[in-house]
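Before any comments, here is the structure.
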Amino acid sequence: MDGKPLLEAAGLVKSFGETRVLRGVDLAVPAGTVSVLIGPSGSGKTTVLRCLNALERPEAGLVRIGDVSVDFAALPQQGRRAALRAETRLRAQSGMVFQAHHLFPHRSALENLLEGPVVVQGRPREEARAEALVLLERVGLKGREDSLPSQLSGGQQQRVGIARALAIRPQVVLFDEPTSALDPELVGEVLAVMRDLAEGGTTMVVVTHEIRFAQQVADQVLFLDGGVVVERGPAAQVIADPREERTRRFLRRLLDPL
Amino acid sequence: MDWELLRTSAWPLLQGLVLGTIPLTALSFVLGLAIAVVVALMRLSPVKLVSGLGRVYVSAIRGTPLLVQLFIVFYALPSLGVTIDPWPSAIIAFSLNVGGYAAEVVRSAVLSVPRGQWEAAATVGMGYGTTLRRVVMPQAARLAVPPLSNTLISLVKDTSLASTVLVTEMFRVAQQIAAPTYQFFTLYGLAAVYYWVVCVVLSAVQDRLEGRLNRYVTA
Amino acid sequence: DGIVGGSSSAAPSGSASGTGGVLRVASEGTYSPFTYHDQKDGGKLTGYDVDVITAVGQKMGMQVEFTDVTWDAIFAGLEAGRYDVIANQVTVNPERQALYDFSTPYTTSTGAIITRADDTSITSLQSLAGKTTAQSSTSNWAQVASGAGAEVEAVEGFTQAVTLLKQGRVDATVNDDLAALDYLKTTGDTSVKIAAKTDDTSEQAFALGKGSELTPKVDEALAELEADGTLAQISQKYFGEDVSR
Amino acid sequence: MDWELLRTSAWPLLQGLVLGTIPLTALSFVLGLAIAVVVALMRLSPVKLVSGLGRVYVSAIRGTPLLVQLFIVFYALPSLGVTIDPWPSAIIAFSLNVGGYAAEVVRSAVLSVPRGQWEAAATVGMGYGTTLRRVVMPQAARLAVPPLSNTLISLVKDTSLASTVLVTEMFRVAQQIAAPTYQFFTLYGLAAVYYWVVCVVLSAVQDRLEGRLNRYVTA
Amino acid sequence: MDGKPLLEAAGLVKSFGETRVLRGVDLAVPAGTVSVLIGPSGSGKTTVLRCLNALERPEAGLVRIGDVSVDFAALPQQGRRAALRAETRLRAQSGMVFQAHHLFPHRSALENLLEGPVVVQGRPREEARAEALVLLERVGLKGREDSLPSQLSGGQQQRVGIARALAIRPQVVLFDEPTSALDPELVGEVLAVMRDLAEGGTTMVVVTHEIRFAQQVADQVLFLDGGVVVERGPAAQVIADPREERTRRFLRRLLDPL
């Protein structure tokens, strides 16, 4: 490592229509670390992840992953094709895990993993297949490679989603509330897979409400509210002893809903 | 009912079916579907000009009788110096027609595929075309099959209009046999039976396809 | 007869043919000059066949009521008892005689071979051999042309045949000389001509249901009309000559 | 192009449209939709006999040409002692026809409404009929509108076949005017323009309806 | 109260195809009390609720709510119409709140509440409307009566669902994981409404994974596993000090997913 963080975002500003959803978000994620984003509904967590992945185009701000960087403010001047190319290139640096998995329903677990490497990246099918099988085993789905998504439980689907994000060999994996659509019982298996990945050195940015996961796995926790990062720091500090009143109130409500 | 006439007509009508109706239908439907996909995507385009063109196309095709479309391709284009042979004329007119109707079906089916699928495809690196081909269309197909099968089955019978541009298909054969004796009723009945058999086969294909495409639907 | 709801046979009363003094007649209404709607006269149904059957009805002391029917349905309607008689230049032939009653013929016509005006290669029916003609498949002229060795393209009607002829897609069309003359007269089209007439003549008559009790009465009326010159008079009005014999 | 002819034909064709084509289309479509709903529900029935009957109906209707269906109602039924007047015959044949095609569309749209909606309706006490009417059909409508609008717009032009059963609508008027003048092309073109106007209006209605029905769809 | 519980179920047996999902479930819910059903995924919790509501027809067993009772084993002999009538009558005694709300998407919040009372029960529209407005206020949705479901947040939708279940004036309200599809932050508002109902004396049967809710609100907790009630008793006992090893294992996994 050369001291520079693997992923860096600076000054992200994004509006939908009249409403400004991100008001200058900065983020630095060193290689091999886990950053957890927490914050109330509508605070912009999903939007941040989507900007990192260029699924959303911010009005201003810079995102760099490894040595690919995009200056979003400058994009519009580059022309449609060049802008698209830049975004696609950035997108290839990260994998994304959605809350509602969004697996391709008409393809088996294995085929879901192969779309990226084989169809898009054009890697040899046999090689990609071997790697995909390893990934499925890693998320605990050995033997289920031919199942369709509809034949898998929610937790299994989400784990296929994680494997699919890894299959494109991203530098960073982005998770958007990967467990919040799951039955409580199935949450554990997904979090376990994520912890294993983190321990294996995968760089991750995770939006989640699983505070215990953040405490145990995160190197850094960021609290987002109203489109700005209100507080950031080690998990132990932000969660156990938040400096800001807003953070404290949010955590209290989360831990004791009633 | 004139049984002797039925017996002697069975074979010529079958010829008309196999050499006229069926290839005409098959070719026009395949080409028409391709047109439909293009037009549907045009109508879904954010570029106003492109979606406007798509809209005009659909409106022109659905808005005028197939017979007139056939007339234009075959009888009016020559006055502009473009003379097209009967078979190509028929196929052009039928595919353009199918394209207009099927475009609406395809558009509505594409719209029914959740946005999440487009985004998931983007995150694994797919562009617009690849996403359509490998992710969206296979899912849109499920909803599109029953109405498209209506379009196809209508087409089978609409090919009888091909006789206006000198293509002889089954219905024309039936008319020709009926003419000297005025037994239109008998011959049309026989043609109806043939059409019906084709439709039963196509419906069976539709059912299997629907079953296949429903397989991966959750709940 | 109004334009809309062109059927005036509002009382299809089954097979009680001709009772109540009404003679129910079917014709295409789109076959000029035999049966067509005259736009200059408010779309009224008129034509040679229409006039003849009207005169027949008068002689029979019956009121004539017309219905517009498409050609391929016209005989189904006769069989279903929707009307009593077809007045639409029905050509008499043995196959048809086996199925329907025919009156005595009221038109005799010959075939005309129509070609492009500048075409000199076709001078007789025989010279059609190897040529392509466009024929309405529902008419017997298709058989005449193919009998002469021509290849026949089937079309919907005379106009379409002439269009194909002018576009050079076919070499000729064979049709009733009366229809051909009417076309040339009406349109003033000089790009086509009548190149020759065929030798064989054909006879057109009214068609009625098999065993209809009206057939002899129609024949009777026709005979009277011929005798008193009415038939010839109607013919003169439309064709400038007597085509009724 | 014969402008004088066009000018004098405009009014009779409009009459044919307003007094023939439009009422024929409207009545047949409304009745056809009712038939379609019944047949679609039959096809969805768990009772094999009922769903089998629905299937036979759809197959018979889609499998045979509309022209033959018109023939049967008008020309063949009298031999069984049932004689129906031209207008009722046309409306019967067209509604039965629309019923067969639209049934498939309705069926597929009803299937697309999630089972949860049926169950929620049951828990507030609704029976089968009420659930269909108040819960399922309004939601199925959204998916059904584009293909049903195809069916409707086809029907507008298919009514030209009504002349076979002695009903005079716009296309027949056009033929009648064309015959003595031999100007088929001009008159068919005029008819096409009228059809096109009707189609544009119907498409606009379709768009508004789609917009309205999309309003309450979540993401 | 005459000492008899308001809702009683006895010997519920239900199979799907070959698999027996309920193997004799008994249940007694006194009027004005809250019973919470917990248990692993697939243990049959949803199926129990659906049998109480006659959405599912068990092969055997009896359900009674108030003075309406149905002997499911005897139903098939009564003929289709009589059976349907009996089920509809039973169904009218309870309201149901689904996990995925299943609001009618084409009707406003208020209209969703009126379908039952006005369309089905034929009560005067004005009276039903007044009552529905009170209900909407009670679940904290005053002023949102004309919103379509798609214009409401997940928590608000779920609260409309609760109000809809109440609108038919049921004797018992059945809840199937009413908060598990919600954002963690929105869970609180729904649980609060449910607690208020309980305190107001509504009889409720609740399937949930919200252990704290059970502790605070439930009069009775039942632990279901493999289609039988393994353990039942006061919340304090079943949750804090379960007798059965299976219950203990389940609760441990739930409280600490990682």
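A, B, C, D and E label the chains in the order they appear, each numbered from 1.
To be clear about the criterion, a contact is a pair of C-beta atoms (placed from the backbone, for glycine too) under 8 Å apart; a residue touches a chain by one contact, two chains touch by 3 or more.
Just so it is clear, the structure is predicted and the values come from calculations on it, not from any experiment.
J.: Chains shared as neighbours by subunit A and subunit B?
T.: Under the touch definition, subunit A and subunit B have no mutual neighbours whatsoever.
J.: If I average the CA coordinates per chain, which chain comes out farthest from subunit B?
T.: Farthest by centroid: E.
J.: Please work out the Cα centroid separation of subunit C and subunit E, and write it as a whole number of Å.
T.: The computed centroid separation for subunit C versus subunit E comes out at 80 Å.
J.: Rounded to a whole Å, what is the gap between the Cα centroids of subunit B and subunit C?
T.: Spacing between the chain centres: roughly 37 Å.
J.: Could you grab the centroid distance between subunit B and subunit D? Build each centroid from C-alpha atoms only and quote it in angstrom.
T.: Computed from C-alpha means, the inter-chain centre distance equals 18 Å.
J.: Taking each chain's centre as the mean of its CA atoms, how far is subunit B from subunit E in angstrom?
T.: 50
J.: Which subunit C residues touch at least two other chains?
T.: Where subunit C meets two or more other chains at a single residue, that happens at 72-73, 76, 79, 160, 163.
J.: Which parts of subunit D, given as residue numbers and ranges, touch two or more other chains?
T.: 71, 75-76, 114, 185, 219
J.: For this entry, which pairs of chains touch?
T.: A-B, A-E, B-C, B-D, C-D, D-E
J.: Show me the residue ranges of subunit D that touch subunit C in the complex, using the header's touch definition.
T.: 8-9, 12, 15-16, 19-20, 71, 74-76, 78-79, 83, 85-86, 163-169, 172-173, 175-182, 184-185
J.: Applying the document's contact rule, which stretches of subunit D touch subunit B when the two form their complex?
T.: Touching subunit B from subunit D are residues 58-60, 62-68, 71, 75-76, 101, 104-105, 107-108, 112, 114-115, 143, 145-147, 149-151, 153-154, 157, 160, 171, 185, 188-189, 191-192, 195-200, 203, 219.
J.: What residues on subunit E touch subunit D, complex-wise?
T.: Residues 53, 55, 88, 91-92, 94-96, 98, 100, 102-106, 115-116, 119-121, 148-150, 164-165, 167-168 of subunit E touch subunit D in their complex.
J.: Taking the touch rule as given, give the residues of subunit B at its contact with subunit A in the complex, in rising order.
T.: Residue positions touching the partner: 114, 116-117, 119-127, 130, 134-135, 138-139, 215-218.
J.: Using the touch definition from the top, list the residues of subunit C that touch subunit D in their complex.
T.: 3-7, 9-10, 12, 14, 29-33, 36-39, 43, 67-70, 72-73, 76-77, 79-82, 157-160, 162-163, 183, 186-187
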